[in-house]
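We just call them A, B, C and D in the order they show up, numbering each chain from 1.
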């Protein structure tokens, strides 16, 4: 696959360099560790630090979400690989204001081990209180009953936003944790993949899909999904994703949701709006209110083809959190 | 090519439906013509109407740019095809506040004919003053000396933004036109394509490029460019694009620019930041100041692969215009 | 369906035949869609076939129960093309049919001697709308020479005249192959546009070929 | 390079040999990169080869001019793996080497009789870090049985012991093929993970194969 890159070994560092140069008013890179990025703005005293992260290749996640009302810092891993403890610890030190730091990331073995190691070091060596909330929104990954073993995918956007808003409001760590956990437990995602991406190092597709095949539930690193079949119409795919989500998280008539239709990288906006159109029709018919919608590329897998649907079920507290403004390089909400 | 669509004949109408449902607080569709979209917000009395448009398939352009500080209305064409006079006229009527309307679109024969027909009708039948500013930023399309015959591509973003900001400031039509023209004459774009997109109706790639080929200067509808060759590194491609722009629009040490690195649809953000990184290095070395940067998908060609570089040379007036806030469904600037 | 003998020995074309022409052209475009698109993807953006097929399909449907006169029929075609074809060819064909409709105001039929003036009105519309003068490798390079061909054949029998129009159109469309484009999308190709047919010229040639086929078959 | 005869009749492994082992493993990973990646792309995310090759390349470079003791050597490997491998395998191997480094504190060499304890320290690290207990289709399914193999072979000659470790490792890695993954990325595959080798188990087998190859060659 053709890519506009230089040395494949340096893509991540070069990307970060470009990113930091593009948004100096938002972001700075720590001298101590180039994979540690933090807000360049003055944040309020006593504010709980919000640290998100994971592998690269999901841009605009995670580094695009550093900013007011969102994350204070990001630890950047290699492509699709957890960052090691070092940049996590460095970011933790940089954003802690004495009131503790919350770690938010997807539920992957590698990330857990690295973030846990960093949390242990932060506690032991720096005396910083760290709490962790894992994102576990991917309905396709583990059957009902095993919710907390699920992978974290696009729904992370809502969980990060919830924690970011809660922290920006000046809530203490315990509250930020409670709200992030609540956001996670109210969030479900189902995805569909149409075409693979390729890692810069190998140039090889991350998985194989036939000329006219799609895979329901395929993970954002190419982890296999639940069902492979012929590509269906946008309406049928939307219906399927919605059905699986509603089966897992039933919604009553009159309830409110936030909707995220997330492109995986190479899917046109046109297709995403077609998907959203059908979702809206179906929810409308079930008399479920869409409180706010997000349609676009929020958490990608390089240039993977396909998209995911995320619903977050809202109560007043979460609705408020969704509406909270944010100002980040790759995401602004007024 | 696989796509998440329903009936290929209805993609544009379905996309608009989805889009309007996603952002009711920003956008409304005219009952009189479904291809006419206008802001759903109350705009100030006497504000000059800003109408942008062209074919679909360039999302987030054009409909993503309806909002405060940007366009008041959009006429939507079929994929890569100018809208007919009807929706243009309908949009014109809807957004005119008695102070006239400015039409802004890329310099393509089809668009000119349709927008001209609409302008004639607006004048004759509705007594609305219409002025037109064509976007002609594509350096690759016509050699120096023939600037006003060039195609309009990603630089339209700056020209639309300039007109939108000028109109939002309450300037009269003549001033909005002057500023838009100035923005256009200060803007240059050079693009590179790595892979084609395919039209939903045909499913066929819009052009052919070898396994390891790229084409410099290829147009956003697949119009041929200036040079085809092997894919080069991000640095070499960035240098080439920048060289061609600076050759066409020389910049002195100490001058200021706005930079747009625009993805064509399926190019990862990672690659775009690698491109930006090099551009920044080079401009920095030439002591040219980057006043503001935009990196992402601003004007696409469905899922085409590749990107373009746009520079707008700034004086105080244009710097001010670039900094003017905007609030649109697909673009927010604080 | 009645046909009126014209003084020149041919038969006049009436609204029913015009409708048949347009409907047959719509069908023909469905077949030629891929080919036109293919041509357009070489020197343009690859949508001419889709644009034309879509627009004329709408024309066909709208003419299904048409019961007005010749001028109104051309006007209907014009409006539909302008609204449905999009791109450059929509307004161009739309303007051509608009001007032809104006020329036909009050007329019930077109006699062989009328074709030159009628085509000239259409060509004139394209010339103005497209800001062309000939030789730019566009559909105008077919429309313009058809005026002369129609003038030269004004006294011929209708089928002979129509055959000559169809042949001229095809010839002139072929002749665009060697031209360098200086208008429309293809102009960005410069020298590289040489060696390819202009898609709009080819769709124009088809229009007149179908005219000839339809009216030669009709009522014979 | 001197080797110390151990009481059991074998020879002891010293820091220079450890360095040789790690450097040879780094080289071997460059060759096996594609294969490991291939395995990981079947049941994971296809980066295990790249992760390991990158991390151990850094290890090799850092050990180029290494002049400290055995424990420090293992500690250096641990730190580099944790910092450079990323993913799940980085902290897992990193923790294994950290624990082995602690076990080696103050030791100048590893005699055949020491291997069981050493490997057990590493395995224990992986068990805790990975929250595994065996049978989950991970690298632990190779590390754990190696403890027994080392214990059983504690009295053997060094090369024989190492050969037995290498063979056990390969066997146990092969045995992951029939397991159903319940930890790590592959667990999302459920039943579908059966029939594929676990990439981390295979890279562990390679580690012990290279140990055997390097030390059997060294000084013979």
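Operating definition for what follows: a contact is a pair of C-beta atoms (placed from the backbone, for glycine too) under 8 Å apart; a residue touches a chain by one contact, two chains touch by 3 or more.
Only a predicted model underlies this, so the values are computations on that prediction, with no experimental measurement involved.
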Centroid-based (C-alpha) most distant chain relative to chain A: C
Geometric centre distance via CA averages, chain C-chain A, whole Å: 55
Chain B and chain C, separation of their C-alpha mean positions in angstrom: 33
Chain C and chain D: spacing of chain centres that average the CA atoms, whole Å: 77
Contacting chain pairs - touch in the sense defined above: A-B, A-D, B-C
Complex interface listing, chain A residues touching chain B: 2-6, 11-12, 14-19, 21-23, 56-57, 59-60, 64, 192, 194-195, 197, 200, 211-212, 214, 231, 233-235, 237, 265-278, 280, 293, 295-297, 300, 302-303, 305-307, 327, 330, 332-334
Interface residues, chain D side, partner chain A - complex: 34, 37, 41, 43-47, 50-51, 54, 82-92, 95, 129-130, 183-185, 187-189, 192
Of chain B, residues touching chain C in the complex: 9, 55, 77-86, 108-110, 113-114, 117, 141-142, 149, 151, 199, 201-202, 204, 206-207, 219, 221-224
